[in-house]
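These are the structures in question, set out in turn.
Shared chain: chain A. Partners: chain B in the first complex, chain C in the second.
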Partner chain A sequence: MILKDGTASMGRRIWLLLLLRACARAGLRPVSKLRLHRLIFLSNCLAPVYGETPLDEKVIKYKWGPYYPEAQWDIDRMAIQGLVALTDVEVSKDKRNGWWLHANYELLAKGRELCEEVIEVMLLEKVFEFLSELAHGYATLDDAVLDNVALKDATYNAPAVAEWAPIDFSEIKNNYSALTASAFGDLLPIQVSPNAREQVQLYLRYLARVAKKNFVNN
Partner chain B sequence: MALPPHVDRDDLMSTLREELANLPGAPSTEPDAFWDVIMHWLIQWRLQYQAKDLANSQPTAFLLEPENYVRNDKWTLAPLFREALAENLVDNAALFLTSASMHQVFRTTVKQADVESLYMTIMRLGLGMQPCLIYIPSHGAVIWCPNGVAGDRKKRFTMLFDQFETIDQAAIDKALEDFHKDYTSFPDGWANIWHNANQGIVEKKTENTIRNWLCHYLKFRIFKSSHVAREYQLTSGRADIWIGGLNTTPVSTYILELKVLRSRHFPGKSTKARSISDTATLRYAKSGVRQAARYKASDGAQLAYLCCYDARDTNVTLIDVASDAATNGILYRQYYCERTSKAA
Partner chain C sequence: MVAPQIPLIRFPAFKSFQVDNYQLFPGKNGEGISHEFEPGVTVIAGVNGLGKTTLLNLMFRMLVGPRDPKKSGMLQFGARAHELVSWKNSIFFTSRVGDGAANATMSAVIAFGNEEIRIKRNISNLEIIELWRAGKELDPNEKQYTAAVLDASGIADDYDFDFVVRQLVFFLEERIPIVWSEQNQAELFRVLLCESKVAAELSGLFDEIKDIDSQYRNLRWHLNKRKDELAQYHGSSAEPATLDELKAKIQAQESLAAKATDYEKEIDRVKRKRSKMQIDIQQQKLELEEKIRAHQGFQQVYLSSRFPELPDVARYVFSNLLADSGCLVCGNRKTDTAIRFRRLLDQGNCPVCESPPEEQETRPTRGRANAQEVKKSAQEIQAQKRDLASLESELGKLEAGLLELYGTQSRTQSSFFQLTTDVNLLRAKLTPGEGAAEVESYITSMEKELNNYEAQLAEKRRKYEKQLKVLRRQAEQYASRIKRHFESYAGSFLAEKCTISFTNFNSFVGQEGPSFEYPCFQVLMTSAVSPKRPTVRMKVTDVSESQKELIDLAFRMALISTIATRGQGAMLVLETPEASLDSIFVIEAGKLLRKFAESTQGCHNRLIASSNLTNEKMIPALLGLVPDGTPKTKPAEVRRRVINLLKLATPNAAYVKNKKKYDKMLESATDGALD
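And now, the complex of A and B:
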């Protein structure tokens, strides 16, 4: 893939392909643009739980939730390349913010083959394992809260961060998501710690609990 | 690191108490994770409809959908299937196709209503190699096919719905006795431990087999009241099975260390059986006592068991081991595995 900004975009595309594959395995196929960006954000926040470096350690606090323009560019390019299927395209217009594209994405056979290759050649089994657990944990949540759980994320809801402001969670002390996930270990009997998989699954279920609570209260 | 100040500790604690027992016991990419999710759902369904008469109900199958599977128009999406717990689940014979998360469930009805016909239909659909769980409501049984209905491993067992309200020695002892009766006491037991029962040789990885089945069994027997994990990492090593009774205050934990006693085995890759001496057996079993004692001490466990599944030629209690265990505060249990189904 010859890309405008080379390595960063290549890394991003690989991460996105693996995430889409993880979504397919978890039954999230196709996955909506909105949910895909939520998952990209959650994967960025929770990657440290698995000891992995995320794609992006910052996000703008958009009113509509996490959104990654560069990732969207890469997804759409991969759709043109025949790696990803783009379906159910709709456009809508927001009076204030202009046009917005809605679509669903799903990995195609060519994309799946590429995933197999990169996992093997680039030793990305651990990354794929993490993304698989994330997608699986997300998919097990009630459908009613799936669109909103990422909005309840501890990092996204860090205090005193206004809309449109950047959130930088590159330092672990500012990654409230990873800190909360690891906090479950402090609540269990001493000498017993939930493993990385359990931390991610518990954190997602915690977000679902908060999302439902807020839903009821509203 | 301290909990972020805007995160509610009570919400975390509630999540832990309610969800830890529901977490899949295996990574999501393994067939066991599919088993966990489907069984969890089936038990919820059965508990909801305990009064429903299932005597004439149809068997139904849950299949793990291949990630690149192209569904034809015979598959229809069952909206909110996981959440709805529809009462008419088993009113007609059906196949359900889903992922390990049950996020979307697709349904197709089948004409025939017996298990063999379900197998044939599944294979005709090209899904014969997909992990499959068949529920037979009229018998309260499930058949688990981790390698698919076309595969060589199929396990059938009875679903259990009585939950222990209290996790204590009596409850664990009862669960272990019941497990042995159905899984390991006879060659046709569901754990299928024998390589050659006539020659008295169990499979090489019988400890793993028993551990994995016992973990499944305890998880669903003590379902929702505690967390059951296999190969649980403690500071002093890996406990075969760890049970956390999170509904008690203070939290109580239980350790199970498992050993299989043999009269002979195949060492390494050899295909020639070699005898195991009584001395070696004793040494092996006593090592289990030391392991259990170590785990109990480091974990602060309320109880620790050494469970020996005895596949030797004769049924003789290891009195020395029992005594050693008692001295170390370990509960010793020995379960004899018969060689024939006709044994008394």
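And now, the complex of A and C:
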């Protein structure tokens, strides 16, 4: 069990490091805690578009949006280990949602070096390519709706799912995000059938449009 | 994508109901019972044995006639065909009276939205003797009635109409659950949310698949028998030792095949349990995180004021330690330094070198987060950590067990394959005896037939899945509305926070083949041990008796309110709603029922509830005679809203003996409004 937990944790830490590296390259730096968790979620549900296995295929519908306690521990550990910079720690509390500990994260030089190493040694080029495309697509969206995009995701925002209810997308038929992203191909002529990168980009733009619509209506 | 058509279902609602010449209900001066139902609540008041249940059953039979679903086990969604058969208990009404209900009749005007059907039935055999639709007289028979009802209600077929009346509109003593039965939910979604053509196709295909599946399994059994027979023919010319060995191996092979199926089922069960446990753990971790965050919040504020120059990272490390969240420096998640840290900080000492305040360069400022609050949240964290640890240990055991099961399954499979090879080798050694060719040809034709069934099943299943997609899409479209209505009803009577969450479940059609995915809701509710995080209540036993019924009632109302939103109105009939309620819930339940019946969206819902005088609060609560912030119902209206069986039914011994007492109880329950 220890080994298994350890392995899971290492896998998650590598995924997080690569995600932060991808964010930095897309100009998203530092990344707030809230945004980081939402990006982790998007990476989980869109991974199948690239044929990758996500870190986690279950998430709990939560008032702060998708949130992964284990990933939070890992990112904080890496901050102490000098791989990630932890800055702007602030405490806030609001009536509806209670306490929130804000922090920003950014990859440090040691973390960057580790990323290069694991990509090469562990053959993670494809994972990194996926995370880079995701971060890149995300970074091009309108700032005003950037943090709401994940909340409008087809899986997370499936109708009538109550807070604290589990959302399980381990079976592809329940991963509405990946299914929607793939469905863009059905709308276009066969000659311009979108590849995985384009599917993710189109999907993110679609989410941004939905988020914007809500933003304007509110 | 073309949006699926939204069906227009109109629920049946009594505008009037009349019973004549039935000895159980002689009425005043032998006039029987005649009642006009107004939108809102109507109460059938009585005591045990006066005929409340019989009157409700008359109403029920008026709508569905003398038929019942083929399999009466209504909770067994997968075990019945969508078919109605003759009512078995046809002496239900005749046995209650001395004259066999020879001249007894019942008449009603039933509204379906703006449409009306007028019907009169003999009570003895439920035969229709008069039938009118929209002022036009029709041939008085069940076929005409069914056609009129289906057309007026927009429901696909007679089985579905019966299902809606039986399962949704009437909530009689058996209390057939809806929200607590995924299958019943799915069936109702099919009937209510799908266009009638799709609804009919789904039920038709369901029955066909079950039927073919049954024939297929039957034929396969016979085929296997024939194969055994063939081995006998072959064996007639073989060495007895070889034949015995072959028989033994075939037997072992069969037993292993049965074991393999059992292992598969067990693995599936454990995997489902594991998945639920994993979700529990995930939820608990999130809840723990929330508690830690609150604790860290308190501590961060304090640490910032106490050590203003402390860098973010250090503060983060300290607040994690203080909140029992683990040591970020070494990665140990089970540190027990929190108490020591808290003590040091309480004394104003440095948390790192333990120096007292007077020896520190920066003099500490006094004041910290509310000590009680901090202590309480620390205790909560500890308790949650214990729960989580025990859950994780359970999960560990479950995973170890699963691993073992996989091992056993794999060994069983290897043995099975080995035996199959042995059997084939032994069979090859045998030479055919007399009569083998005939059996062989029979087997070949049976195999062809079996293949034919397989092809049919595959085709039907494909079509079924296609229509199920429509059902799922329709349910998705309505899910938010159903949830909103449910929360509104449930919120008005439950102290705990209760909601429903849209999800799906898998079920088989027939005994074999792929499982299908159906839409459903699951109930989530907070509790004393989990006051903030609502937990999933999968089974009816996960809630109290009162909660079970009220939640189901709220779900029915939510469904009806969602479907009947176009000013059509609906009816809900309840038998003694107070029967399984704690007295504390009675007033709340009354409020809930009135809320539904007085729905203001132009729906004009009707709610008919029978109630026993022995519960003193239910009738006043239903009639709006208890102080609940709304104006008290006027006496004239109370009179219009009560069917008083003390006056209309034949008095039984209990009533005769306690007449004064019961009359007084009714007078008190209705604020003296009745004559």
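The working rule: the second predicted complex is superposed on the first by the 206 of 218 C-alpha atoms of A that agree within 3 Å, B and C clash if a C-alpha of one lies under 4 Å from a C-alpha of the other, contacts with A are read in each partner's own complex, and residues count from 1 in each chain.
Just so it is clear, a contact is a pair of C-beta atoms (placed from the backbone, for glycine too) under 8 Å apart; a residue touches a chain by one contact, two chains touch by 3 or more.
Please read these numbers as outputs of a predicted model, since none were measured by experiment.
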item: Overlay on chain A: chain C relative to chain B, clash or fit; value: fit
item: First (chain B), second (chain C), both or neither touched by A:86; value: second
item: Contacts of A:10 with chain B and chain C, given as first, second, both or neither; value: neither
item: Touched partner set for A:139, first chain B, second chain C, both or neither; value: first
item: Partner chain(s) touched by A:162 [first = chain B, second = chain C, both, neither]; value: second
item: Which of chain B and chain C A:173 touches, first, second, both or neither; value: both
item: Partner chain(s) touched by A:205 [first = chain B, second = chain C, both, neither]; value: first
item: Greater chain A contact set [chain C / chain B]; value: B
item: First, second, both or neither for A:27, with chain B first and chain C second; value: first
item: Angle at chain A between chain B and chain C, C-alpha centres, nearest 10 degrees; value: 130
item: Shortest CA-CA distance in Å separating chain B from chain C in the superposed model; value: 5
item: Intersection of the chain A residues that touch chain B with those that touch chain C; value: 158-159, 173
item: Partner chain A, residues of chain C touching it in the complex; value: 275, 278-279, 282-283, 285-286, 288-290, 293-294, 296-297, 300-301, 304, 312-313, 315-317, 320, 325-326, 328-329, 331, 333, 396, 476-477, 479-480, 482-483, 499-504, 517, 521-522, 524, 533-536
item: Interface residues, chain A side, partner chain B - complex; value: 21, 24-29, 109, 112, 129, 132-133, 136-137, 139-140, 142-143, 154, 157-159, 172-173, 176, 179-180, 182-184, 186-195, 197-198, 201-202, 205-206, 209-210, 213
item: Chain B residues within the chain A interface of the complex; value: 1-8, 11-16, 19-20, 23-24, 27-29, 33, 37, 65, 67-68, 80, 83, 98-104, 232-235, 242, 244, 251, 253, 298-300
item: Residues of chain A that touch chain C when the two form their complex; value: 1, 58-62, 67, 69-70, 72-73, 76-77, 79-80, 86-89, 91, 93, 98-101, 103, 158-166, 168, 173-174
